[in-house]
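First chain A sits with chain B, and in the next complex the same chain sits with chain C.
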Partner chain A sequence: MSRYLVSSSPHIASSRTTRNIMLDVIIALMPAVIAMVAIFGFYPLLNTLVCVGFCVLFEFLFNLIRKKEQTVGDLSAIVTGIILGLNLPAVVPIYVPVVGALFAIVIAKMLFGGIGRNFANPAISARIFLLLAWTGVMTSFVAPLDWSNLAENNMFFTVSNVFNIKMPDLVTSATPLAHVKEALELGTNPATGINALDMFLGTIGGSAGEVSALAILIGGIYLLIRRVIDWKIPLVYILSTVIFTAIFYSDTGYVGEYVWTYLLGGGLLFGAFFMATDYATSPKSPVAVIIYGIGLGLLTVIIRKFSSMSEGVSYAILLMNIVTPLLDKIKVKPFGGYPAYKNKDFVDASAIKGRALGVWNSKENMLSDLAKGIEEGGTNG
Partner chain B sequence: MLKTFKRGVHPPESKYTASDPLSEFETPDRVFVSLAQSAGAPCEPVVKEGDKVKAGTLIGRAKGFVSANVFSSVSGEVKGFVKLPSSNGFKVMHVEIENDFKYETESLPPLLERTPAALLERVKQAGIVGMGGAGFPAHVKLMPKKRVDTLIINGAECEPYITCDYRLMLEKGQEIINGIKYTAQILGVGEAYIGIESNKKDAIKKLAQICPPEIKVVALKSKYPQGAEKQLIYSVTKRVVPAGGLPMDAGCVVVNVHTAYSIARAIDNGEPCYMRAMTVSGDGIEKGGNFWVRGGIPYSFIYEKTRGNIDEEKVKKVIVGGPMMGIAQSSLLPVTGKTCSSLLFLTAKNVNTLKPTQCINCGRCMRGCPMNLNPKAIEENTLADNTDKLKNLDVFSCIECGVCSFACPAKRPLLFAVRLAKKTLKERGIK
Partner chain C sequence: MNKIQINDFLKQKGSIIANGIVTNNPVFRLVLGTCPTLATTSSAINGMGMGLAATFVLVCSNVLISLLRKVIPDKIRIPAFVVIIATFVTLVQMLLQKFIPSLYESLGIFLPLIVVNCIILARAEAFASTNKVFNSALDGLGMGLGFTASLMLIGIIREFFGAGSLFYGSLAGIETGIQIEALADYSLNIFVLPAGGFLVFGLLMALINYLTDLHNKKKELKAEAKKEDALKEGRKEDLHIAFKEADLKEKNDEASIEDKAKADDAKDALKNALSDGTLNTLAGEDR
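Up next is the complex of A and B:
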């Protein structure tokens, strides 16, 4: 036995580990969490913490029961938990995040092999599952909290609110996109009654963590600076959503209004930066990434316009997740092309004898050389 | 605008010895000169026990075309032949020479004419090999079977820690330029480029000052693997070496700066190749630096002389070459030779000791791969023993630079899997 460690090269590795990548994502999610508390109070924070806690617990238990190596240390369950929490409406009964965490971790992630092997984004799968299971709860969005009048507000978690499984009585508020959908049916201006600044800051109704475009952009830029995510996915997704909105809504007469409400409203920004970029479920090669981004934008706009729902980001991402294995099959040409025996253009230099320079540095050269050879052959015959 | 290639990574530079000038390293009282210091066939010994030799006496003659002569590195007496492990793990014959510490030298006969053929013959005589680390005999490289029009001198030195080429460029610029001129003359090419990474600004400035107009200094982006042949050719000329091809397929010949220096020494001074510049570095030793090291010095001697007061237990890994592509040593028995560009004594903190975890599918290996391969898919299919899929993943294009394993956040041994894939496919007759 050698005193020294002997292994195949390389001997050094980048400081990036799965754990610190996940930590970066958690940091990037913090602005959205802070915005969520500022806008809706502490109740959605409780939901998020429940999501995180149960995600970690379910992953721990799954590994324990399946006698697998413990993986909760990689922090990915925490990321899933936070994203799921931010995807819920501000106020939901406490069992909703628990069931969501169960679905996300056990069914969408661990049953398929854990981190990196899931075919669909766990948080999105869980969100869609909850949406189908408790449609009413999942679509009743509350209006932003009035901090000046806390006494009359039930959105603070009080002991009675938390343990009383019943939802607090709240004034529900339509999301801007629901409003836009209505306007589409009526043929009116979708931007009436919607304030762009409110949408940018997030003081609107909607999923607790998705409302503030500003907070999401801060987190997204952090992810881009830290090179955690591929910039192409959010860019292509957002751009294609804008372009397809402009195309699909060109006959409405309010193209500009549709574009900005669609850009800032719903889960587009959050989805583009935090969910479409999920490693396991997004393609890797540059061409595939562009197709993926365009597909996301197209599906989002189609669902928003033609389905009965006002929002389509989660479904678009889920559908494109399913296409990802196919997109990953797109062959990338290696640097230097394919080896000679695979390349049809290749002519073996040694096959033509008596030629001092039997090599062609370009196809033109080769063709002219071959043409000369044919001429010479002609005179001989 | 700095020239560069696509993809790649930025490992920490760790070039701690950059400001340390080249100085001659001590020589022990016995050296063991390896008879296999180049790619290709090992040499045939031409001395016997009891022979007196000087530094520069031929002791091993090249056997076959791809092989290079070996010379004694000290003056003294041949004590016999021993089989020792080489740094790549094979047991090879070494000539044991007792050092008389007189350092008498023997030069090659003076060069009567300086025609390309005579210069090439001199390169062959002097036993010069690719000093960058590959050890391919230089005379073979300088006789390309295809017409080349560009000579590229590799001064990129993209591996972390290594600084010997940098010091050489700073201190021996004129010799390097002369060597480039001779090389260009042998090849019959009109223009030559010296590619240097932008982190070596002094070297770029120094060489640009003394370069004649036909030799151009090209500043390259500091990025790994900038010094890999195919990447360097692309960075400098934007030409692509076809898969399975050699630089000559792109009309280029790539020669390391140290090789150019050795060529100049052999032609101008008649000095055969038995000494080289070498970096000794790492946190496991105290007195690292850049040294002129004679051939045949055991690593254990170098370690004892540079160790200082650092505990032996601290050395976790000994690497010959850079930390990205070098070879980990199981013992300090091997000796220095023509291709030893560096010897690193790394501590547990310097090297990667993390256990591989599950792939998270982040695509960093693919985005970093300078050859645009898919290391993750290669690894998966190697582990699953799926030859049919492996066939189509172009594993033989891999240049084994180690970017994939370096970039992997799950610390998976991706390059190791690619090597395994190459071996498996070769065994099954697929190439």
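Up next is the complex of A and C:
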């Protein structure tokens, strides 16, 4: 979200602060973290904690060295850390999250001016950086942990695995999407050998926090109820992915199978709820949001079908992040002017401490806020 | 030529070269030739090779264009420049293919593309076509060295992080550089990929802009301090000059009575000013 929104009065006070919103996002990410521990054990949790710790540390150090106001308190570095941790494969050498945190915070976020000024989602940028830097490490996904037979799985904690980039003895497992890609090349049924329930619960290979559709949906619905994210982005993104999958795969004869494997496999749900909805890197006006969502879905399906990679969510989000400033040129008339669109619910509510957020309010909220604003003379913000 | 003249001459020529390397660095200041910059800097040797090839073409084409500047009709100058540049590019290409085939292979299409390199065309248009031969050669040398240095810097960074080596490769059959074995497995492959080129280019540009800003700020502060000093010193200097002139005239015996009187006045004024300290209070009054 942008820190300052330049607009003429009237201004409306809101109790929403960056910190509150980030706290909500952290709460919403907890089901995915719990699912990650249940599926892959404690090692990915350690990775996530390393991510969080170093994200906060790098932001602190950057502000200290550049003599800027400390922004660690707004919790956004913690959110970036958790999302990055959930985006990594379950087992990676321990310095991979450190380098990821360095890239996410210093290069993708702070060098561009800190929170609200980053051109792309820091966690996504860092994930793509790591994917291109250490492709082997970032694409070796382990099979889910067998809790009844932990003795064989204790390799997760050996020193040689933690520090050796080659990661010996790792039992890798193909992700459902890699399986689907193979089926596409062979022309066979993509759903053979894949269990929809496994994919829904998350007992499949994949990035540590992205595998469980159930946990992500719980977190996503929490965010929607708390009105932290714009419901249009995940809805349009997921719907357009489904529609474009149906179009692009119509000649394969297994349209239904492709649709549900693409829906549940990979990072689609996680990306749609937690990464595409980043305030700073997603457009604001309703029309722009719909274009954004359709673009995301189209790019995801194109990359999944035509590129050499089996997954395209992170690239799609990065590319649409870059287009966002253009989409933001599609303007909503300022509050108080003639409505640009039939939906009048969009309110520029400037938050306390000079931090302004675009907040989606219901009509009632808007009116009561407006009344409050008029009482206060409309001068705050 | 006396010493001062030689000094001035060197200073003037040196500033032409320094202009290309620092003040108007083609890569980081003028942002020209970005395509070869990004494409050929995956290793330090490649960057250096590209830079030196371009430098050779730049110097030669600048000299020839400068020689022909009065002959080339204005309306068709760009095609004429391109023909001249293409001649030298073909020369470089043949020489590299014969003597350093490995570099020739790795530069690939970007070697013949030097013909349309923005830096060379820009220098031909902006400098060589209006300046004398020697100055044009120096300008080509400065710009070429600036280009080479920038490419090498980007190349060193990309090669170190992307492949864990420094200047590793072979030039004309001689093995160069070192491969750091411990780093090879841990190298960040992205730095050798095109994405890494953009990343390093952008970060270096940001760093150089930051340093330039810092330098300019310091320079401004210094200039301000100097100005204040100069205001104080100004009065003193004026008096000194008057004194010297008067002294000279006296010695040459050319001075009229008025002049002699003036000289005496100037001497007295300076003496008084220096002795009673009014110099500081007078400072800057008439400026």
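As a convention for this text, the second predicted complex is superposed on the first by the 305 of 381 C-alpha atoms of A that agree within 3 Å, B and C clash if a C-alpha of one lies under 4 Å from a C-alpha of the other, contacts with A are read in each partner's own complex, and residues count from 1 in each chain.
We take it that a contact is a pair of C-beta atoms (placed from the backbone, for glycine too) under 8 Å apart; a residue touches a chain by one contact, two chains touch by 3 or more.
As the structure is a computational prediction, the values presented were derived from the model and not from experiment.
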item: First (chain B), second (chain C), both or neither touched by A:186; value: neither
item: Touching partner for A:65 - first (chain B), second (chain C), both, neither; value: neither
item: Partner chain(s) touched by A:129 [first = chain B, second = chain C, both, neither]; value: second
item: First, second, both or neither for A:279, with chain B first and chain C second; value: first
item: First, second, both or neither for A:74, with chain B first and chain C second; value: first
item: Contacts of A:197 with chain B and chain C, given as first, second, both or neither; value: neither
item: Chain B or chain C, by number of chain A residues touched; value: B
item: Complex contacts: residues of chain B adjacent to chain A; value: 6, 9, 11-12, 146-147, 160, 230, 234, 240-245, 249, 251, 315-319, 323-331, 346, 350-354, 357-364, 366-367, 370-374, 392, 394, 396-397, 400, 402, 405-411, 413, 415-416, 419
item: Residues of chain A touching chain C in the complex; value: 99, 107, 111, 129, 132-135, 165-166
item: Touch list for chain C against partner chain A, complex; value: 185-186, 188-191, 193, 195-196, 199, 203, 206
item: Contact set on chain A toward chain B in their complex; value: 2, 4-14, 16-18, 20-21, 71, 74, 76, 113-117, 230, 279-280, 284-285, 331-340, 343, 357, 359, 361
